[in-house]
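We call the chains A, B, C and D, going by the order they appear; numbering starts again at 1 in every chain.
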Amino acid sequence: MRLLIKNGQIITHEQSYFADVLCEDGVITQINDHIPDENVTEVIDAQGMLIMPGGIDPHTHMQLPFMGTVAIDDFESGTKAALAGGTTMIIDFVIPNPQQNLLEAYHQWRGWAEKATCDYSFHVAITWWDDSVSRDMQTLVEKHGVNSFKHFMAYKNAIMATDDMMIASFSRCIELGAIPTVHAENGELVYHLQQSLLERNITGPEAHPLSRPPIVESEAANRAISIADTLGSPLYLVHVSASQTLDAIRYATENGQRVFGECLAAHLTIDDSVYQDKNWLHAAAHVMSPPFRPKNHQQALWNGLKSGALQTTATDHCAFCAEQKSMGKNDFTNIPNGVSSVEERLMVLWNNGVNTGQLTMNEFVAVTSTNAAKIFNIYPRKGAIQINADADLVIWDPKATKVLSVINQHSKVDFNIYEGMTMTGIPAYTIAAGEVAYQRGEVLVKVGKGKYINRPPYASYYQTIEQSHQRKVAKAVKRDQ
Amino acid sequence: MRLLIKNGQIITHEQSYFADVLCEDGVITQINDHIPDENVTEVIDAQGMLIMPGGIDPHTHMQLPFMGTVAIDDFESGTKAALAGGTTMIIDFVIPNPQQNLLEAYHQWRGWAEKATCDYSFHVAITWWDDSVSRDMQTLVEKHGVNSFKHFMAYKNAIMATDDMMIASFSRCIELGAIPTVHAENGELVYHLQQSLLERNITGPEAHPLSRPPIVESEAANRAISIADTLGSPLYLVHVSASQTLDAIRYATENGQRVFGECLAAHLTIDDSVYQDKNWLHAAAHVMSPPFRPKNHQQALWNGLKSGALQTTATDHCAFCAEQKSMGKNDFTNIPNGVSSVEERLMVLWNNGVNTGQLTMNEFVAVTSTNAAKIFNIYPRKGAIQINADADLVIWDPKATKVLSVINQHSKVDFNIYEGMTMTGIPAYTIAAGEVAYQRGEVLVKVGKGKYINRPPYASYYQTIEQSHQRKVAKAVKRDQ
Amino acid sequence: MRLLIKNGQIITHEQSYFADVLCEDGVITQINDHIPDENVTEVIDAQGMLIMPGGIDPHTHMQLPFMGTVAIDDFESGTKAALAGGTTMIIDFVIPNPQQNLLEAYHQWRGWAEKATCDYSFHVAITWWDDSVSRDMQTLVEKHGVNSFKHFMAYKNAIMATDDMMIASFSRCIELGAIPTVHAENGELVYHLQQSLLERNITGPEAHPLSRPPIVESEAANRAISIADTLGSPLYLVHVSASQTLDAIRYATENGQRVFGECLAAHLTIDDSVYQDKNWLHAAAHVMSPPFRPKNHQQALWNGLKSGALQTTATDHCAFCAEQKSMGKNDFTNIPNGVSSVEERLMVLWNNGVNTGQLTMNEFVAVTSTNAAKIFNIYPRKGAIQINADADLVIWDPKATKVLSVINQHSKVDFNIYEGMTMTGIPAYTIAAGEVAYQRGEVLVKVGKGKYINRPPYASYYQTIEQSHQRKVAKAVKRDQ
Amino acid sequence: MRLLIKNGQIITHEQSYFADVLCEDGVITQINDHIPDENVTEVIDAQGMLIMPGGIDPHTHMQLPFMGTVAIDDFESGTKAALAGGTTMIIDFVIPNPQQNLLEAYHQWRGWAEKATCDYSFHVAITWWDDSVSRDMQTLVEKHGVNSFKHFMAYKNAIMATDDMMIASFSRCIELGAIPTVHAENGELVYHLQQSLLERNITGPEAHPLSRPPIVESEAANRAISIADTLGSPLYLVHVSASQTLDAIRYATENGQRVFGECLAAHLTIDDSVYQDKNWLHAAAHVMSPPFRPKNHQQALWNGLKSGALQTTATDHCAFCAEQKSMGKNDFTNIPNGVSSVEERLMVLWNNGVNTGQLTMNEFVAVTSTNAAKIFNIYPRKGAIQINADADLVIWDPKATKVLSVINQHSKVDFNIYEGMTMTGIPAYTIAAGEVAYQRGEVLVKVGKGKYINRPPYASYYQTIEQSHQRKVAKAVKRDQ
């Protein structure tokens, strides 16, 4: 298979230039001013279009068993939606039940993911702790290409990681060259606020954001950052939604700590007024954690991306349909948390970020693809347009428009949080593994075409972590006897 | 008893002027340019001296049972040391054992304190939680003059308060008009670092500060602040020692929260080099929590007092002698935590604060006396020079000097952390309840002369707390049926 | 004249208690539980009401010659409006023309002010510099009770103070124990933006805020702060309107500098949407500098008052009627800058600050009266309820309401920026110099009853300023010859 | 000329991998696992060594006429020193005298630079303003490859740029797609402090840092940032030396502004104790502006590089020998400002940055080369190891050591500020334009081999600047007639 893309402008995280690109057997083999179309299987004319690395969504939950149900997008529909939006790789999550063997859970998820149509990888969650967990973390890193472990600081009485668990797990991550990630919300405060709201008979979705105010997020973020700093560990914060959390990240990086932050396309564009909707289902459809925030947080997040305090954008794609959402009809704490967004992410970022002048095109590539590849140590195999890089590309039509809607989406869910918004700048083609996987409205790829991507430990930022940690190590004072 | 103080300059937290002061039956009854010395029992000529409200030390631990021993200064020796230093009231701590009835503990401490030679009051610690604790808090507030409850975020496996306990207790404080206070150190991190140091065979006092770095303090402070903010509670942080904690306080107050901070005379003047001392006992004598910090934190604390980010100064007076300290000879985690300072506080603040130009004389009074009286709602009975205020005064000789030393101190302990330092500006007389309690080196007061001071709830800052909390309260959305 | 106020609750900046107050010959002579009404000229029953120190407005411009016209409220109408709002003292400004002799200007203003009905004092502006200015500053401080000098960083080509002038003047202030104050806006940027807007034919009042964005204010504030810090001078910033300026103040105070900030009642409650009004005159009536800001700045200012980053509230009362405003009909830069507010300040602060739970009653007194008295060194003569303090009081009815309107105001101007707002909490009586000056709607005082108040140099904060400045002084290195 | 580098590890700003590199006719033509050494002119065996982009020093002053003398390193000796240290390109400064025609000055400098042995380019300083300056800026951008203009905020009565000049020049930069850069020090404060020190007879080099304290720098930085923000311009701050300036940069970037910061190798490693040296000449040799700072600023600068608040490192190389320094023997303000550092920069950054764990190797490349290339818009021609990039490389021996000394340096000056420091990690070879320009101690290149590098306008960050600026543009309100 030899695919030639002609006449386009290549946009990477740091360069913009015109060149043709040849993809052979899944990788990029030539980038040149003019590549002749001899012996080529297929030619795409990208005149007037931009060729960018395919999106990497570092935060999805396909067919997640959660809150008594299962997320409706499986690895097939979910990855098709991804490709339809220009995303060519997802990093999903293995979430063992407390006391469940990590490897068992890992293999369970690997099995579910065989249907995937784009490449994928897994973060593994640490939801409990004993020596076997510590051992299995090593196996996952050394034998299964896992270099990141997730910690939920929320969800008391379920999968919540307490401080002692995080201390143990972060310490283990350092030994293995892996990076800890956290969902930062103070689970005790959330639980208290939930009970307090229910006691006052406030049971609808409008109670959801009140049970998880920004300070509940920034407190937990600051705590995780402090634990990481004390131990000498890097840290990755998922779905930063509040300006206060950005303040915590900046405070840490100003003091020399290596902390990375992710934000969601949805948090960048939707505010908490949705929870006041008169229609219960409309409001419930937006229930996710962290919740949507007051409007002023959005500019803070854009500034975070511009200034480098946030590096990545993701979706936390976790789709539940109306019937599932209705499980919480009488009690908002039973509404399954999650929204669909994996298809829309790049369009939303471009339309609201690049078109408005918030981000350069290069920054767009960085925050939708390259930075995730670097942090999770698969760059330049992913996230790059270079010779020998995987031929995962999106060919972007900056002038074409599309109205986002439940009608034309690829997710199975029956709701679209961006319903009716017109996007200027959309994917014309998505190239995965050197083949056209999506073309102007149609997903063309075979089920199971996606590959599992091993992510090796010891990413670039890790080389000095240990050294600087060494400098903090104590020595005994030699005292007179 | 009519005591007349003549020819002195009165210094309050906001005024400086010359006047005579007449004390009758324990209270101030006249403040005038010239008060005739007729019918007066005793006259003090304060020519060239300053008349200031007696110091209030809001943080002492007399005869505290702690870490397998009992602090060596009891309420007699401890309060004598206080008076010798110009301090006329202490607020000590009732610390129930986990599961111990709060009222039982309270009465135990009241019994111990009957020997006190100056006035005193008690914070009560919340070291466990159930409905009886909640009920007893009400009894303490309504019947026993307690308006503040303490939470130790450190001391895992002992008296550590977890987040859920703090949420419950802070909520109860709001209902009662009391103020929660916290010892802010992340107990899980401290425990981990202690074990980690011991495993590496670092067992001396030099390990103590390494097991409690500044971030362990600022993390906990930020967490307590976040809990208080979420619930709508005021908060008082004891012994702030690190610049990072000040940053957390300022961040909160900038956002409209009411957070108060206390710092210790010792942290303002002594740095962590003491733990490197070749003499084990010298190093161990300085073991307290939070530990002494690198020198640069001191200026931050002074700036905190100047700018109002910190309101009070205290001592955490908790004296252990060499024999007691030696319990940790082979394991620093067994060294009883605490130092003696109640006598030296005012001198250290004056010498290092006023003489250097860091603080005005008025600010000195505010941070050694008046602010504590206001926060703990006993102003202007205490902390003021006004008609009808308690006649608790210190007559300060700004030119006299004294060398601080274990030799001339009033504490029973066998060590002085300020050994050999020369102070310029010392108390010439301490007046307690309208009588001379200390005079140029000699404590004159009878055992048991001190009174228990009731502290009523709903201090000034509380009047709006509730209102602003109300504004955060959720309402259910009215939805179409 | 003996005026007795009975049955009220006294509210000071730090205490709340019930007592009667007796005023004799202009000063307070008794404060007691029950004062018999024998030999009393007049008795006010303050049952259900609050007795507070009369307001001090540290920033007014009565009959100011400015921008080719003269502010319409003279010292008679302006001070009557003040008294009608519970304000018993104003500090106005002497603003010499460049090259005008300072003493000449001072006497000019003293002459104008003889009509004043409440007490007053003058800041003097430094609008140019030579040796005579330096000399006259000394005369003003030593002979005329001036302890503050104002510097306009805006108004290029008119009264703008450049950096070299501020350096010279601040240095002189230190020598004299006076405090420099600044109007912080970068005059060069304002001028550039004005020209740029006019060039683009944007000539209406909507251009006014665009020509003076928040950063223009915070830049100048930071510059003045930096100059003061370098020289070792205290600093007072007038009319802080932007959150960014608060950040600059906090940054300075965190580093130990003594910077005071004032904000205006109008900035706390009115936002920049007024400039979009379709009615030119309505928009123009709000033209003042700094301009009204986007709504989010208001909460920052309230938090500034709560946290002590701002100490005082003022009005910058400078009233121009429609005819005067119309001078800028074709060019917004010719609209005379200023609004009327001296009557409404206390009501606005109470209604929007105390009633909403932002401020305690004590804080209300602090920011409307006591803090100004302290900073400008007339406390406790002013700003206090103490024996021998001036009997300047406001008797506040916290339940009474009033609709603010041009119809019932005492200013001469034909506009009210608070038109139609209902205030809960209004002055029932204003007592000035021990006499009823205002009573439920009616100003009763005689023209010329107000006294000029001398303000001595070397306020409390000054005592250490010099010492800490000394510590920065260089010494020559002794080098080998 | 075909030069093959074999067996080395390539380190770029974002990747580390093993490959051979072939350079032909001045550019890189192959990067492969194994490149055969057929038809190759020269082979370098880089076994155990690192191949990195040659350093770019964006801030040098060769043979600068300054303070009555001329910097002793001309473009020949200066660029030889650069090559000896692994730097393959410098960006020097054209500094017209006030009133001197910009193009005339530009051509003067171009003439002087013909001797250069490595590539070079020029920033042009704006030292005065009229319409001709504005016109000449356009010519320089469009015809002479200049895309950056420098503004000195210090040096009153000489080349100081006032606010109105900066407003005019920054505005012009936006029109041309150029970037303004500033030397941030408040010239008025510096002048005042200098005079004040001289008046007190403090005339030695110890007075130099006292005349330029950190706040003098951060004030000016904040002012330039505010002007740039108001106008919508990007900004580059040269030689950031103080933590306060970093705070100003961070404050700006948090709010969405595009501000870049440079720091000097010398400020990262040398502190202000040098000015206390008993030897006048030793102290004077360190006189540069901004001066060396107290030690704590160094960690702040390292953290700035780590966190991305600072992007580039430079030297401000401006060498004056003892005789020249002696011009200020009796008056420190006459000591020519400047130190030599162009040879040592990379070694100092590696030894103190990479070896200590502060920076990764990739970050080292970013801050010594790639970031400067990106900001000044010559990437990936410079600062990259890519096909078709200029073959400017440094082959780094991370284990070799060298003692820095005046004895073995290539600068002509008679002093070395790093005298006696042992560096681990040094350049083994420097490759410029595909030829070995320096090899283990010896500079091999011919005089005049360096090329002038055109830098085009509209760097990446510029594309959105204009758009976001548009969003701030005012519109007239449509009013009723």
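Criterion: a residue touches a chain if its C-beta (ideal position, glycine included) is under 8 Å from a C-beta of that chain, and two chains touch if they have at least 3 such contacts.
Quick caveat: nothing in here was measured; it's all calculated off a predicted structure.
Counting hops only between chains that touch, subunit A reaches subunit C in a minimum of 2. A straight line joining the Cα centres of subunit A and subunit B is 48 Å long.
Centroid to centroid, with C-alpha atoms defining each point, subunit B and subunit C lie 38 Å apart.
Of all residues in subunit C, none touches 2 or more other chains.
Taken chain by chain, the contacts form a single closed ring in which each chain touches exactly two others.
Screening every pair of chains for touch gives A-B, A-D, B-C, C-D.
Across the complex, subunit C is touched by residues 162-164, 167, 171, 186, 188-189, 192-193, 197, 200-207, 210, 213, 215-216, 218-219, 222-223, 226-227, 229-230, 247, 251, 275-280, 283, 474-480 of subunit D. Listed in rising order, the residues of subunit B touching subunit C in the complex are 14-16, 246, 250, 253-256, 258, 299, 302-303, 306-309, 354, 356-362, 374, 379-380, 460-461, 463-468, 470-471.
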